[in-house]
Each structure stands twice: as C-alpha cells, then as structure tokens.
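Should a chain be cited, it is by its letter among A, B, C, D and E, assigned in written order, with residues numbered from 1 in that chain.
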Amino acid sequence: MFRPAAREVVKLPTRYFSCKSEPTRAVTATKKASREEIAGLIPAFPEIYPDFLQSPVWNRRNALKEELERQDMLERRMNIDIPEFYVGSIVAVTSSDKNLGSKEHRFVGICIRREKEGLLHQFTLRNTIENIGVEVLYDLYNPTIKKIETLKLEKRLDSDLSYLVDALPEYSTFDFHMEPQAHPAGTPIPVNECKVKLKNPPWTRRWEISSYRGIDDTWTQATPWYKRKLHKTLVNDYEKYDLIANYRTSSTKEQEVFVQTQMQKFEKERHAAGLTRRRILKSAASYK
Amino acid sequence: MNEARARFFLNLRQSIDPLLRVLSNKSAPPPSLGLAFDISGMPPATLKSSALTYGSVGEMIKDFSIVFGVPKYRTSKPKKVTRKFSFTRLLQPIDNLVTCPACSNIHPSDTICDACYSKVHKLTSEIKKKMMEYNPYVGEKQDREVYVKFKGESEAPAAVVKGKRVIELEKDRPTWFKKLTLKE
Amino acid sequence: MLRSLISSATTGPTQEWAGRILLANSGYISQQRGRRRTLTPVPWLPPIKEHIPKNSFDLSQKTKNLLDDVIKKETLAASALARNDSQETNVAIIDIPHSSRRVGLVVRKIGMLPQWTNDGNRILCTVLEVDENHVVSVTSPDSWYKASAVGKRKAFNRHGPMWRVTVGAGNDDPTKYTLAYRRQFARAGVPTKEKLGCFLVTEDALPHAGQPLDARHFAVGQHVTATGKTIDWGFQGGMHRWGMRGQPTRRTTKSHRRIGSVGSVGDARIWPGKRMPGHMGYEWRTVSGLEIVRINNDKQVIYVKGSVPGDIGETLLLKDCLQDEKRLKSGPVPTWAPTLETIQEESELSPEEIVVPKNLLFNETFSSKLFRFTSPSIVFTDADAKRATGRDKTKAKIAKVKK
Amino acid sequence: MGIHRRTRLNVVDNSALGKEADTTGKLPYCIHVYKQGRRAKHMPHAELGDKILVAIRGQMRKAYVVGANTHVHYRKHGVPVTDQNMIVLLDEEGNPLGNRITAPIPTKLMANRANVQFSKVLALANKYI
Amino acid sequence: MSAHRVAASLPRIGVTIGHTPQKLKTGGIEPSRRARLEVLRRIVTRTVREERVELKWNRAVEARPYVERLIQLGVERGPLDEYTAEMMEWWLPEKDLITKMHEVIVPRFQNRDSPFTSLFRLPPQRLQQFIQNKREVWKRYDIGVLEIDGNPFPAIQAAHQEQSDSILDVLLADALRNHQITLQEKLEASTESK
C-alpha cells in the first residue's frame, strides 16, 4: 500500500515559479569559489558523519527536532571519543554488560552496515568465531558503550558489505587481540579493492542482480534456476538515473555547511569553558 | 388488527392499478413516471372500473417505461447538503484577472500576458530556425553562444560578439528587442 | 490538504467561534455508526482563510515592508498585553481533587527520538512542540452547550459543570484570515492563531481569556493523554485497514488481498458495520497513559514516552491522564505561570562527572530514570546484577517432578 | 522472523544424538515453541534463550536455543546474531544431554541464569561472545 | 548503497520540487516509472537543444528540476567527474548536446546559484474538441514555457517597473502609519498602567 508522504512541500526560500509578473533574477555574483573558503569544513562530511545527515524522508526533516537531537549527540561525543570509521573498517567496541563477571564486553569485527540518522544511528560489526559467523548491531549513542576503537581505518569498494554473510569465512575473520594500525594523519583513506568470493548458493539475497563491485563474478556461481527466471525478475537499475529521486533522499551542501558550523560553535564554546580539549569535527584525511 | 391489514392491501392495489392501466395504454408514448402519479391523484372511484389489459408478458416488457432510472447508491450526507445549501458556492467567479501593464490585455494573475508572448514567440521561432541550421551528423555542434544580427545593422563590436556565432535575420530589429549591450 | 481543527456547527446570535468538542468518547468504544470522519466541512461554516484576489498592480516594496512591520508590532502588542495581565491571576500548586479537570495544551508532533534509561534500556520518545499557546476564550457550560450540537449532559455530567476553554497555538500572519476568524483573538487580546483546540475544564481550574500556556503546565514523570487525527492513509483495502488475512498467492485467481465473503446466505443482506475497504485513517483517536520523561523549557518541547496518533507536523491535544493509578496528584492549577518559578535544588552529581555550566545547556527538566547525555557512559556494578534476578518460578515445578 | 515450525537447527553440544544427526546430515527441526502467543493457533517465534520442541532422529526432544539468526529488522543493540540457529538438547527432566557446548554463547543468555534448568545449560558453556 | 558514495554533495536546487513524483500520462507503457523517465529525458534533451520550449504545464513543472540538476552537476563537478559523465551521457542521448552543455550552458552559470532556468505559464487555452448531441466538449490546454537563462531570445517578461505612485499604495501607506501610531500609544498606555 502506498503511504502518502508529507502533504506540505519543504518550504524552500522565497522563489517559486518565475511566472509571477516580475521573475526575480537569480542571485548573481555569489562567487562559487567563496563556498570553498568557509574555514575548517570537511568536503567528505556525509561519509565521516552519516549520523549528522538529515532523514531521507522529507516529512521527518524538522529543524527544531534536529537541533535538539544534535545537542544530545554532541554532548555524548564530549563524553566518549567516537572515532572516524567507514563501512569496511575494523572496529572494536567495549560496552558494559550486566551479566558478565567483569561487567565489560569487547567485540572486534568489520563494520558491514551503518544505518539511520541522528540518535538512532546503528552500525553492525561482523566476525567469525570458531567458524561461526557472528554479527552484532550497536546503537552508536547507546550510553552502555564505553569505548569505540578503529583498529584499521580503510574503505571498501561498496558502502554496504552485507554480502559477507554469504562470503567465505576467511573474509570476515579478525583476531580479537589485533593491535590497531595507526592511519598517518593527512593522507587519504586507503580503499581496499579486494574482491570477495562467495560460498555456493543458496544465498541470503540474490547477489547476482545487485551491482556490488566488491564481489568477483557471481554470475557463474548463481543457480541456473534463477538464471532461467532472470527475464521475469523486476530489475529496475534505471532508477539510479532519476536525478530528483536521488536529490530527495540525499543531503545538500547548505545543510552540511550549517551542521558543521553548529558543531564548530559547540566545540568552541566547550573549549572556551575549559571543559575539554577534545575535537569533535575532525577528519583523518584532511587533518591540519 | 386484520382490518388494518385489509385497508393496507386495498390502498396498495389502488395505487398499483392506475400505474398498470397507464402502462397498458399502447397508443400514448411511454409517459414519464411523474405523469403516472398525477393520474393516481384522481379520485379512487373512477380507477376501479379500468382493469389491467396487457395482452402478454412480452408486451409488458416491450413497454419501455419499466426501465426508468432508480438511484443506485445512497447519496452521502455532505453531497446532499452541498446540493441543497451551497448553490451560491458552486460557481466561483474568476477573480484573479489582471491587465498586462504593457499591452493592457486581460489575463490571469499567475500567468504571463499571451498577447505579448505571441509576439515574442514569433521572433523566437525565427531565431530558433536559424540556430538549428547545423548538421550534427557531420560533426557540427552548437559549441558557441549565439549573437542575433538583424538586417541593416552594422557589424557588432568585437567585445560584444567575442567569438559568438553570428546569426543573420532578414527583417529589421523590432523596437522592443533591445540590442545586447556591454553591461549584460 | 492540511485541515485545521475547526469544524463544528455554530448557531445562535453571537458568531461565537467553537472548535470541535474533543472529549474522548467517554470510556466505552462506541460502535461507529455512519461516517467516521467528515472530509468536506459543512457548507454553512463561515470560511477561515481569506481568499485575496490579486489585483493587477502590486503594492510597492516600501508599503509591503510597512505592512509587515505593523503586523509584527500588533502581534508583539497582543502577546505583551496577554503576558502582563496574566500576572495577577492567582496560580498555585495544589492537590488536584478527583473530579476536577485542568486545561490542556495544543501541541505539534515534530518527530521521534530515542532516549535511554539509567540501566541502559532504550525508550522511543515522541517530541511535541508547544508553539505559543494562549487561551482564546472561556465559555460557561450553559452558553456553550446551547450553541453546539452536543446534548446538555456533556456540559453538566457527573463531574459537575464543564466550562469550555478554547486554546490557540502558532502565531500566524493575520492577513491570511477572515475578519470573523480574527475577531475572537482581538476580543481575547491574543495574536492571531493558526490552530485552535478546546478542552472541557471544571470551575476550580479555569484560566482567564488571553492567558499564555507554558510547557511546564505538565510536570516530568506525569502521565498525559494525546488526542489527534491519525495518519491519512487514503483508500485502503481490508488487509491494511482491518488486518484481514487475504488469500494465498498460489492456486487463487484474482483474489489475494480481497476481503472474501461478506456474510451468510441466510441474511440476504450485509450487516451494517461490516468491515470493508474504504478510507483509512484521519480520524480522531486518543492514546492515554503516556509518561512525560523530559521537558525543554527554552524550546517549549515535551518528550513523551511512546507514540501518539497523527503524522509529523500534525497538531494534537494534550490533557492530564485520567486513569486512576496514573492520575496527577498535584500540579499548577489553573496553569503554570512565571510566578511559580521554583529554584530546582542542585541534583547531586557523582564526583568525577564534569559539571557543564548552566548557560551552555538548555533549561531542561529530566525524569529521574533518564540517562543524561552530559554524564559519562553507564557502568554496571554487582548490585545491578543481583537486582536483575527476579522471583525463581521453576522451584515449584521441580518439586512436582521429583517422584 | 525467528525459529518456528520446520526450521532446521544445529546441535552444538557434544551429545551423541546431536553428533549422530550432524553426521547423517538429517538436522533436527523445530515442531513446537514453548511460548504463549496472542492466539493459541498463532504460535510466536522462538528467539535466543527460548525452549522449543525438536524432532531429531525420529524422536522428540526439548532444547534451548543458544544461537539465533535473527532477521535484520528485529535485531537489538548488543545482542550477537549467529549465522546458524544453534540449540542444546535436553532430556525429559530438563537436564542437558551433552556435557560441553562447543560453540560460543551470547552473554545475553546469562540474564536468565536464575532459571534452574537454564543455569545447568550455562554451566556447560566454555566460551562467551 | 551499491555504488561508492558520491563525492561532495551538491547545493540545494532553488526550484519548488513536489514531495512525490508526478505520474505523467505515458500511454500505458509498462513499467510506468521507466516510461516517465523517458518522457522527462525527451523534454530535457529538447530544452538543452532549443533553450526555450513550450510544454504541457505539469510536464514543464516536473522536468524543470531535472534540467536544473544537470546544469548544477556541470557547474559543480565539471565534465571529468565520473557521476556527471554518466548522467550527461544518459540524459542527453544526442552527443553534440553534451558538448553544448559543457561549452555553452555551464559557463553561463559558473558564478551563479540555482535557479538557472525560468518557467512561465500561459493563460489556459480552451479549444472545442467536438459536439456530441448538443453537448459541446471543450478541452483545456495549460501551456508552460521553460527556458534556460542567458539564451539569445527576446525576454518574455518585461522588466518590472516600480509602481509606488498608485492610489491604493498611497492610501494604504498612510492608513498603516496612523495605525502604527495608535498601536504605539496603546502599548505605552498598557505598560504604564501595569
């Protein structure tokens, strides 16, 4: 059933159609170059801080709610150092656990998914223990998390590694006592181009249809039954050409600049008040 | 109790009889239902004498008036109320007409004036015809801006043209189409 | 088609503006007969929004600015007037008797946020914004029930006579509204409001017309009832609207989401109230027993545990919860006022917690069980582990098993 | 969304029955979940730490679920999800059949160590994830 | 989720965009979403070739943000960017238009913010279709003129001249000033009385 989304169009700045009797000329001469010089902004902001993006659903983008949510998130980031990590980086999470004797629980794994925005932001770590694949989902802002460390900062060819479930176990086994590999500050983030081999089908999802670049060819392994039925499957990869559908769910530069300035303001206040010297808005690639 | 029931049947038969009598009247055109009721309003004394005279069932069906329309769905309350009370609101006067400042032609306020536009449209299509005179299959491309020059105009200064593709038009420049000046 | 909350018949000489009476249908779930919602308001209601035909020549920019300034000044004057004559009303925090009803707030749902408790469990909270609420009119029981479509018993029920208090939310540009609509705000000395909602209030908790209402009208930890229109799903089938099971995908022709049979042959008709496809949603629903976990006084925002009816951006009516064990014992009657400002005592902070100065934070009140993001991560101790083991229910079974 | 009737399961304790089922390739499958659903006919799904009835090698056994492959939408914070559904078999009195659990066990299961039967199963575990 | 995340994000499109896509009448070609994109692609191609086109009003409204987004990609990312090249290649099947876009249209807007296009609405034309036993059937045509700014054609809308001398203006300004004064007095009166 199609649920009708927001009734109101997101209130854009003054201009609607220019068919009013006086078509206001576009704001001329805002130098494109001036946008880049805004001090201290990170171009790859949506990749490093996916939780600070707006919700893809237009109806849920409310400035006041986002401001309150951002206040909580920044407070939390003052108390726990949330490092920069991407889908594909190896991350260790120590969280306090009521049941264990030592009251502390540590899990190391490769981050395969980062979902949702704001305080709801979740990331999933995957590891293979005694050749049993284990995935653990963590809320980034859950107060029981005590420490998050990025053992290996790297990216993969895809922004979603859910296919590791069907891949050979060797691709998702990481040693729990692996010591962190420091990422030289200022150098770009390495992209690990390794192509993953999958187990024999049946798979959890039809990987041969989706255009993942991180899997070497799935077509030969796919079961013949699915291949015969391929002409019936609904393949709508033309959706990626729909510019405005993409625009509706993606974030805009103005919004990013606004959020980053808010974070800088928060950071400056806290430094001025002498509460901490921690930096919130930071990027390993463009570290100055 | 039963004489009430008897009276009921009597009335029922009385009201149906005139209806059937009218239906059997072959010569008259199929009367609308309204007419039939007028007759039933007549004093009951004259009705009892005429009995139903349909030759056969087929004849009765052939008589077209059986299939008059009856409401299919129950009209909802808002629709009924709107029909009864809001006749003043159904027909809205068009009140967003404005006069065009240039040619005082009346047009809706959220649109442009069509008289002015028809002039612009004519000239635009002429320029467009000239602009489209290139053959993409041979490799010609629209890779330069276009500068429109009218008949009887001197060569435009190099600063304005600066590497644009010049298009010649046979007619002379209309007064309202200003020349491209440097400040643009 | 954003619909404001005004849709009620008004008769009688004075064109007294009455919003729809929003008392929850008293206790029992009445079988909804006839239409469940009216999508098209009755035609004899006077229009709210002014339809301004556009004249061919425009006002010059100078006059437009002047018009805007005057409107701003008027709103300022109205709310200033409302604020300073609300000082002298006698406001007090007293124990609320069983049969008294306080006024509520007209709030807007702006989204949902997770919050965490001190023992690490996640609570999904709805964020409700109280956007400049003012009391617009207070009408006595006999005058309002005569001018409305409800019976006398609604005004004079077992809890005593009920006054009707209309509350307005969200200041809006007055040029958009008709004179009839604006007259009620001028009479109350209140800026023109976009949304109206009304509450049935008993005599002892009556605010006065023009009184501003604040988010602190409700207290943290108190339970509230949210009444609002549910999300408008449009025309939906039996499976989504009534949760019917539909038919299997295989071995059936052209019926997978159909509603199947609609009755037995013997009835030779379909019973009224039969569940069928139709318009789903956009009906008044009430959710009661929602606990307030956090109130942000600067931004006038209330965090309520759980979900409320309605889409994001829709308005709701918040009232005190009337369920016996969740009822409010004592609170500001008739409503909160700045004179009641009490200095919260410094809550005891564990030593190593860094104390963030007050000016950097919002002025907020938290529920005691809620985790404050200014404090460090939660660390469990053995005490928590012991408390977790509940009553051991298996002992009885074991005894029975032994021969 | 979880373990229901006819879901195939892996036995992870070193009980003979489990090993036999594993070697012959005839994995046990769930036939009943000991949980109260809203309506009797609609049996809820078994999650981590629930007791289920399992058909294994032609006989019926009770078992505790010690590893569940929960669906992506139903996952909770901090609860490990294993790729296979793992169970520990019990005998009639409810004591575990095997004497050691080979696979690692989520720590969440220790929450219901108050339950006597379950504490016996937990005693067998040697590794927690 | 599959392709690598897009590099820098683009600025906001300065045009009103509906919160849900319009279902353009595509003559029942299945799948309807693909047919809708095809209609939009043809409109965008024609707009780039002719720079001023007359379309059905609802189609002009739907196609305008797509033209804006293409120009924005050209302006922000330039011709070498992989995502821009892919989009240009799909949205402008006539390859000479891609060079026109990069050489002619994009340089016009290097230092300007969106909106790069203008959309004008013509008064609805009512044409009589046919007469069916004494009932005339008219059809209503809503036409929109979509144009890319900076084109060589004559301007559609004359520059709007200031009209501060109209009677309504003068009277309203005067009334507003008086009202302002009375408001001011009322405010002072209420502040003293408190």
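The criterion applied here is as follows: a residue touches a chain if its C-beta (ideal position, glycine included) is under 8 Å from a C-beta of that chain, and two chains touch if they have at least 3 such contacts.
Protein identities per chain, from UniProt: A = Large ribosomal subunit protein bL19m; B = Large ribosomal subunit protein bL32m; C = Large ribosomal subunit protein uL3m; D = Large ribosomal subunit protein uL14m; E = Large ribosomal subunit protein bL17m.
Note that the coordinates shown come from a computational prediction; the quantities given were computed from them, not determined experimentally.
Touching chain C and chain D at once are the following chains: A.
Distance between Cα centroids is largest for the pairing of chain B with D. The chain pair sharing the most C-beta contacts is A-E. Separation between the centroids of chain B and chain E, computed from CA atoms only, is 27 Å.
Between chain D and chain E the centroid-to-centroid distance comes to 60 Å (mean Cα coordinates, whole Å). We define each chain's centre as the mean of its Cα atoms; on that basis chain B and chain C are separated by 44 Å.
Taking the mean of the C-alpha atoms as each chain's centre, chain A and chain C sit 35 Å apart.
Shown for chain B are the residues that touch two or more other chains, namely 98, 101, 109-112.
Annotation for chain C: residues touching 2 or more other chains are 55, 57-58, 122, 388.
Residue positions 77, 111, 113 of chain D each touch two or more of the other chains. Within the complex formed with chain A, the chain D residues making contact are 67, 75-84, 86, 102-104, 107-108, 110-111, 113, 127-129.
Against chain B, in their complex, chain E makes its touches with residues 49-50, 52, 54, 94, 96-97, 99-100, 103-104, 120-124, 145, 152-158, 161.
Residues of chain E that touch chain A in their complex: 1-21, 31, 33-34, 37, 61, 65-66, 69-70, 75-76, 87, 90-91, 110-116, 118-121, 144, 149, 157, 159-160.
Taken in their complex, chain B has these residues touching chain C: 76-78, 81-82, 85-86, 89, 95-99, 101, 109-110.
Per the touch definition, chain C reaches chain E in the complex via residues 55, 57-63, 66-67, 69-70, 73-74, 76-77, 80-81, 84-85, 87.
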